[in-house]
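Naming follows writing order (A, B, C and D), and every chain is counted from residue 1.
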């Protein structure tokens, strides 16, 4: 098997974008629990995100969510990020919280509502131009709850039209990334429910339109790494939203529910040329409903790093040979060998050699930052999905 | 096949309890949309529920949810209900919205939190004593999000202890009904995830403890009518929470997603002696996130009534014969025959013969009630899951 | 609502292709039960299929499966079919029962095995040329059972190459129809697991390549009618394999498990212009493991007919209006109205007016055909999936 | 964390029973592929099973399946096993391959068929008395394919009656172990579909009746370790059938699909007192459709051993503390720490210290046994599920 020392170059290239909203409160329809120290504004969110990068060296950028991260001056926000050692990344639109969007946004039967939703994306592009962001990520809550409620087919045509107008507006160096999701918040049909739909639309849009694969947005039993391999083959995998799930879109810490699945996904990313490839962005999209948010994000990026290391360790030459001669158990064994390797001690050493803490979880806990924000951030309204 | 005139006696015995919370706003973690005319307090909820009964004759009682339906005087609430032609029914406890319950309620590792949750149930029993309610329905959000987060086995033992304390407090004519749910809001494990767990606990508690079957709380593919048959056989089916689902606990209008499943469930209820049986309460537990709430409830009770009529129409003698001789297609055909029968015209006639509107949906729309509440209920805070 | 008399023209145009293999024995990995009267060769299968058409007028053609339906002379088989009032239809290839295909066929790492599988398709095209069949339907069992067993990405490339060679061989008036399937017989990954994959490949092949949608081949919870709408919109829906399922690829009688789903699917077919459209072939693909096969097929085509009638009855003008004004319950109600209409009496009358039996199930039972074949077909080897 | 040297005592106590049928051919309904060297009779199966024990020290007994393992003399078979260093274990009944069982066995509506199925179990008990087996394992294929086909409730009552008759016959030192399965081969309803049903029946039978948990027999998303904890708590977990699955009852090598799930299951076994507990038997129930069978079984028992070692390494004291103070990330981290530990080198050393090969897969490959059986076992009929 490959040695860890042979994979430090690709490991050093790893960058995982953090979602600003992971630092705010989140929950379920039953309850959103607050927690001491939660940011009250986008600046505080970015300060927290910067802690993750400081202790891991893995998370150099932060994704924004509009309107949750609306600020008066994006140059101030950008400067604040840079002062904290990170940059601003992908801009995420939001067309699911305005009363007008109750029955849809870019797919709505009313052209005024559709235009409002398109205009919101134009506003997001304006933000991107100020922040220097490359990617406009579109996840749509559009769908219906009851059969017959609306015309599924007509909604696809309206979706295509709306996306075309948005796509037209993005710059030459910008990209439109269309996320798909199996269900929720719509319960009968969702307008972009699967990779096939996202692929068909982005293929129609053009070369700067890509698919975003959120690892929690599939039907039970779906082989996600197959989709990764397929989208890379088709040249349309734009980005990942990493998280993990047991049931639905649980948005748990990536790697927490099925570490072996994360390994297989990362193996196919590497196999298909998607690793350390600027066209395939790694992002987190998670909820820390009950656990602490900053350590939750540190744990997450470490999980991705550790599993990437395991995937890079696969002895691809031996694997090819075993596959070529139909040695089922042998080929499987070569893959498992890498998965079962405990890369943590060597990663800790390597991290230290780069001036980073060997144990980022402990280092953060010892840093006093958590105590500081819990003490200082008193009053105001804690950030959440509503703001 | 049996004729509709032969089944009017059992049909006339049908009673479906409405959930007070179905008249308040509800939604997903992404957004709760408001709607004009939404009640601001438990009195207005009951007024709305009474409209459903007025137009259908099917919904004589309303279930309460504590603390959402806390009022100063339950005798006033009871009188208000009676004045509107309905009664108060099951009391539902709530141990999922207090900050102390973040990591559990009756299963929490801290005995103080457990006692607080037990005390809440004692308070619910106090309400029951005032309202004259028979059933204390317990649905627990208890569970964990991450493997290792807590001790699954110890939580079962604590659950058993807490339930025993609550059970001890209910009166001789009262019942404890324990609901189970596959997942949500917990995403790794749920403390009462399946009928087996609810059955094991209620069997240990005693004769006045029963299982509540919510039709939306099962794993994908679960044969729910089998569970109905099994629980009736074991003498432990206490009540239904009716609703429907495509994916998770979608809480859609009962019968909207899979009418044939509702038919099969009702057929097994009748087959097993659970229909018009005081020991098996029919309740709705639904969310009307985007549709109008009062007509949503009217549609729901009509769906149950129509499907009950179909299930009552099954030619059970012919079915027995076909089953006994292994006539697979014949037996299935007899069941389908009843399902495909359009009972709606005859039900409309029968309804009219009882002084009820033939088309309750139209009658409600024409009644002016909706316009009235939309005009009158201005100001105040619309009721929702938070209140 | 539309009246049945208004839809007799589209109903009269309905044609559902029967699978020859539905008349042979089938089962599970645990057991294939035999049954008296089962055909011993392709001629007897076609005789049985002709009975379905004779009693329903719905099933004018029979699909063949090669090598299960290999005969010395296809002109003889064709004449036999025509003498019995039916024709020969789609040709289905089989690359899952030869020892060489243990680890794959058109995706196999060994070019010799791939060529063998391609050659088999060439042989199928030869049969098509003799039978006058238009469609070559390809369902592949290709996949792997263990992670690492083979290279998922390379298999996609080999799949594309093999399909291109087969596509090149089909005639100008012939079509290649590529079926997808979620899982089974492969358990880790399947090479054509979803509509997206089938769409990506057939789009790359050209205008005469289409997707086949088998209603039993999806992940739990998948909204199949959405895929129907999407594929029709993309111009790539080539054919249906109808059947029904509760769990996996159960291959039960179409409409038996979820009649409302069948209704929704047929509604979207009609809505999207796919009904009575020569480009969208209706076929059955079912197993009659325990029920009688000929009545099982009669029941199946009747289910499709009855549900088509209901879908044609939808008041599309009223529906459009309700959808346009966001009347969620109203729009849903219009759809349900058609679904709940009992079309069976009117269909029976209409059938009789066309010289067909009002009750085809009874007519077949009374015809004496079943008794005849049970008495006559003694000796020989009953047809099954192995032959 | 605990050190491997601290857990060698429990590790040394591990015993995993092998299924005789894993050494015969198996497959799917589409095809059973043969393989060189496959046993032709029960004696050869036991010889092969003995190889697994020889190289791992983990598999001292072999389960039999009647009638697949019918022999003239069980004392000869027993002696053959002992000569090869293994013993005979659990006896599995089979009521799914006789034509009489097409519509059910112990639940059949015909009392003659039920008696035949009961008699088969009596015959199995006779075998047990000869082999000295303790456990009679009952898995039933009973169920229906279509709603209405038979009376679900009546079948439960017949099931209870039949089981009572069988239970009455087992000896004081014998046990009846009732397996449950979600679906397959029945596709509408299964008579013992879930742990609740198996629990209700075995609780009614008595103290020598237990539940068998097959890790592949659950609905998608089911938390299996919860069931383990619950059944241990209820004193009813009799045995495991280990295997793994991605979709349905795939019967893949245990640990191959979701190693972390296997870890969690084993952790709950240990936590609940089920490990190295004679009341909880560890068995494999797998299919090696495409991979070599003897190495497939070696890989399987090693997977169980390795994952048991990881589960034993959990620092339970630290875990308790983290759980008690609600440290979600800390508690989860302690569990993951054990899971991510690479126990393989230490296990190899320990194995060698006990006179076993460090790498059993390599040792078997080098032993020449596979070549020997492939050369010798020519002619005859390879064993499979039919024999």
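We adopt the following convention: a residue touches a chain if its C-beta (ideal position, glycine included) is under 8 Å from a C-beta of that chain, and two chains touch if they have at least 3 such contacts.
None of the values given here were measured: they were computed from a predicted structure.
Undergrad: Using the touch definition from the top, list the chains contacting both chain B and chain D.
TA: Chains touching both chain B and chain D: A, C.
Undergrad: Which of the two pairs, A-C or C-D, is linked by more C-beta contacts?
TA: Looking at contacts between chains, A-C has the larger number.
Undergrad: Please tell me the distance, in whole Å, between the geometric centres of chain A and chain C computed from their C-alpha atoms.
TA: Taking the mean C-alpha position of each chain, the two centres sit 39 Å apart.
Undergrad: How far is the middle of chain C from the middle of chain D, if each middle is the mean of its Cα atoms, in Å?
TA: 38
Undergrad: Using the touch rule from the top of the page, what residues of chain C touch 2 or more other chains?
TA: 102-103, 145-147, 182-183, 188, 220-221, 223, 246-247, 256, 260, 290-291, 328-329, 332-333
Undergrad: Provide the residue numbers of chain C that touch chain A in the complex, in ascending order.
TA: 102-103, 109, 145-153, 156-157, 182-183, 188-190, 193-197, 199-200, 218-223, 225-227, 229-230, 232-234, 260, 264, 268, 271-272, 319-320, 323-324, 326, 328-329, 331-336
Undergrad: In their shared complex, at which residues does chain D touch chain C?
TA: Residue list for chain D touching chain C: 26-34, 96-97, 99, 102-103, 141, 145-147, 182-185, 187-188, 220, 245-248, 250, 252-253, 256-257, 289-291, 385.
Undergrad: Where on chain A is chain D touching in the complex?
TA: Listed in rising order, the residues are 220-221, 223, 246-247, 256, 258-261, 290-292, 295-296, 299, 306, 328-329, 332-333, 339-342, 344, 361.
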